[in-house]
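Next come two complexes built around chain A: one with chain B, the other with chain C.
Right, the complex of A and B next:
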């Protein structure tokens, strides 16, 4: 039984290993130019070299700091607007239509405007990332607050809860799963956009810039490495937030 | 009679207040912008009065520049979306139908999905240059993932009972797919189409910002370079409206295609 399960999992490795083998053979026999398809061992040795030089960690840190700033601003703003719209119909009617109209702007469309307004500064990038994190957070918080069951409202009325107390005791806890899902979506959006910010805003430093510079110098090995690292970090961030989510939602039991 | 009329009046009043409240903030913002521009509180390089934006919109529309660039971008989206969407549909259906196929390629698919979409840009530029192919492949990649994911989920979610009916009738695999699986998975497939289309529209703007000589993203890029804030604003509005129109059209097609799903009489 155990062995069978291992076999099941191993099947997923066959295709990637096959691709790796084809890649290796192709690079070895020079089927593709070495600058466009560097052999796997070259990618590995470059990775070790970059790691030793501290280039990977240094750039990663720059990107992570940017993401952290934009993410925190974005989810804080999204939480506020989303919960206000969720709790008050008046706020929803006032801000909802504008929010939905602005949301139609594809996120990359903001770049030229942000550059004109703020220049190629750190601030422009942080605002760009914050904007990307803001939308999903607002929507999820709003949806979560709206899902408050009627019964809870009645209980609150019986106990004569004030608005704030109702929000704190009932609305937010029942909206928590939706809010946490919003945080997760916002984080993956922020991680995508920091790479975009570093590419489109012509930054120096950061994973996106490292990748772009490698592209300019036709260093395919470095491009590969940065792509793998970017993908891996995004995956780890997602897993970390998933763990946090299940921990915070333990009280819900298994229903 | 009187009661029904009353209800109707209340409904109308309610809708009107909703409309007025919804317009309040945008109108206030536009008026504020106009006032700021008139009083010259902010440098005109950073700030364009709504009137100028409107005039630029009219200019660019009348000269045909706006529509021409929008058409170029739309054609790119159409090509990339068609390529990526079709590939995603086939791949997703295969993953949903066959456990063996999923066991072999599923892990690779999910690993590649971790790569942020924008990270494909440098790779594609090195591999296939900065021509038309680059834009179309980039859009195709962005359209592929949501389509594949939603199709495979949709196909996997087809109720077992339906499949058994197919087995009773001794349907071939292909017939099973066409008559039972795909119609049952259609709502999920449409979700995939909608997400793919909106991501494609974002992707074309991204691709045109990096490397293009025409298209709406390029128009915006040149506007930025020449410090024409009004052109940038008009492009943003045009991009958003076109994206919105596309998603509305997609919703219509969805509602029409899924009309048989609604219970009779509704």
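Right, the complex of A and C next:
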């Protein structure tokens, strides 16, 4: 059983390892020029060097802090708006149309405005990330709150529950699966946007900036390193949230 | 003073709007339920029995006539009337213990230790040991026990049961009927009004069986069940009563020696 599970997990490594092999063979045989496709061992040695200089961890920390700020602000605001619209038809009628109209503006479309208002500051980047996390969180929380079954509502009425107790005991727990899905989408959105923010709101520091700088200097090995790290961190964040999710939703049972 | 909890249903008519026309679902219902009685309401599907129960619970409004509890017109649900729904309606995100405790929340009239009250009711329905289980981990019968405990936790005067055993398999169902009778006796003085479509279940449990007719729903007949408890489903009087009630629906009870064709 245990061995079988390990086998299952290991299967996910087959394709990446195969790609690595193709890459290694291609670089070795000079199928592409070394400046466009640096060999894996070169990427690795650069990685070790950058790690020793503290550049990888330093830039990663800058990005993660930005993401954390934007993510927390975004999901907090999304949770508030989503749950308010979810429980109150009045709020939905007041805020819903504006929210749905504003949502049509692509996130990238906010960059000029944010730059003009806040300059190339940390704040502008955090707002940009928060905005990306805000939309999915709002939508998922709203949907979740609306899904409270009429049958449960009747139980609450029989027990003479007030609005707050209804929200706390019935509406929010029943919306939890949807809210957690929202948090997950928001997290990956935030991680995506921090790289964009660091490229577009040109300042120093962060994984996006490291990547852009490497491109300017045509350091393909560094570009590769940043791509791999960004992908890996996003993947790990998703796994962490998945674990949190299965812990919080264990009442759903195994089947 | 008399024991409280007399329920009077006086000239109650309920109409539902269908395509703009008001169609009567219930017409001129009259029924008095005394404190401590066990009443079953039985009738073909679509006769409005569930609507009648929902009116008594207070989940339906806008009716003609009066529904009075101790002479006062009912206005919406309250904790004096507990409800057991056909689908147990336990909250899947709460453990059995916390589901049962739900009813106590916000109820200022509960004196003393709430945990103890929950524990007592867990024992009443025989769910000790399952305090921490989630509803998804329970069988249908166990879930319905938890639902009964949850409905009783506020010590309501009247317990309203909407086909509470309808979704259970035949054996569990017979067992739960015994349990329900035991609970009714232990909760001394509680009134129970149960919707069912099972004639035997109605006779086994009730002091009176209310037979409804359909389109529009009305009370066709009220049959008292004067048999001593616990009742023997195979006894002559039980079977005769079953025959009598089934005749109301133009059906006949299977006789002891029928052959399958």
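One rule holds for everything that comes next: the second predicted complex is superposed on the first by the 224 of 255 C-alpha atoms of A that agree within 3 Å, B and C clash if a C-alpha of one lies under 4 Å from a C-alpha of the other, contacts with A are read in each partner's own complex, and residues count from 1 in each chain.
Keep in mind that, in the parts below, contacts are C-beta pairs under 8 Å (C-beta built on N, C-alpha and C of every residue); 3 or more make two chains touch, one makes a residue touch a chain.
This structure is a prediction, so every number in the text was calculated from the model and none was measured.
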First, second, both or neither for A:234, with chain B first and chain C second: first
Chain B versus chain C as contact partner of A:157, first or second or both or neither: second
Which partner reaches more residues of chain A (counting touched residues only), chain B or chain C: B
Which of chain B and chain C A:28 touches, first, second, both or neither: neither
Touched partner set for A:49, first chain B, second chain C, both or neither: neither
Common interface residues of chain A - those touching chain B in one complex and chain C in the other: none
For the chain B and chain A complex, residues of the former touching the latter: 17-18, 21-26, 29, 45-46, 100, 103-108, 111, 114-119, 121-123, 125-127, 198, 201-202, 205-206, 209-210, 217, 220-221, 223-224, 227, 229, 232-233, 235-236, 239-241, 243-244
Complex interface listing, chain A residues touching chain C: 151-152, 154-155, 157-162, 165, 169-170, 173-174, 176, 250-253, 255
Of chain A, residues touching chain B in the complex: 8, 11-16, 19, 36, 90, 93-98, 101, 104-113, 115-117, 191-192, 195-196, 199-200, 208, 211-212, 214-215, 218, 220, 223-224, 226-227, 230-232, 234-235
Footprint of chain A on chain C - complex, ascending: 57-59, 76-79, 81-83, 85, 87, 89, 91-94, 102-103, 105-107, 134-137, 154
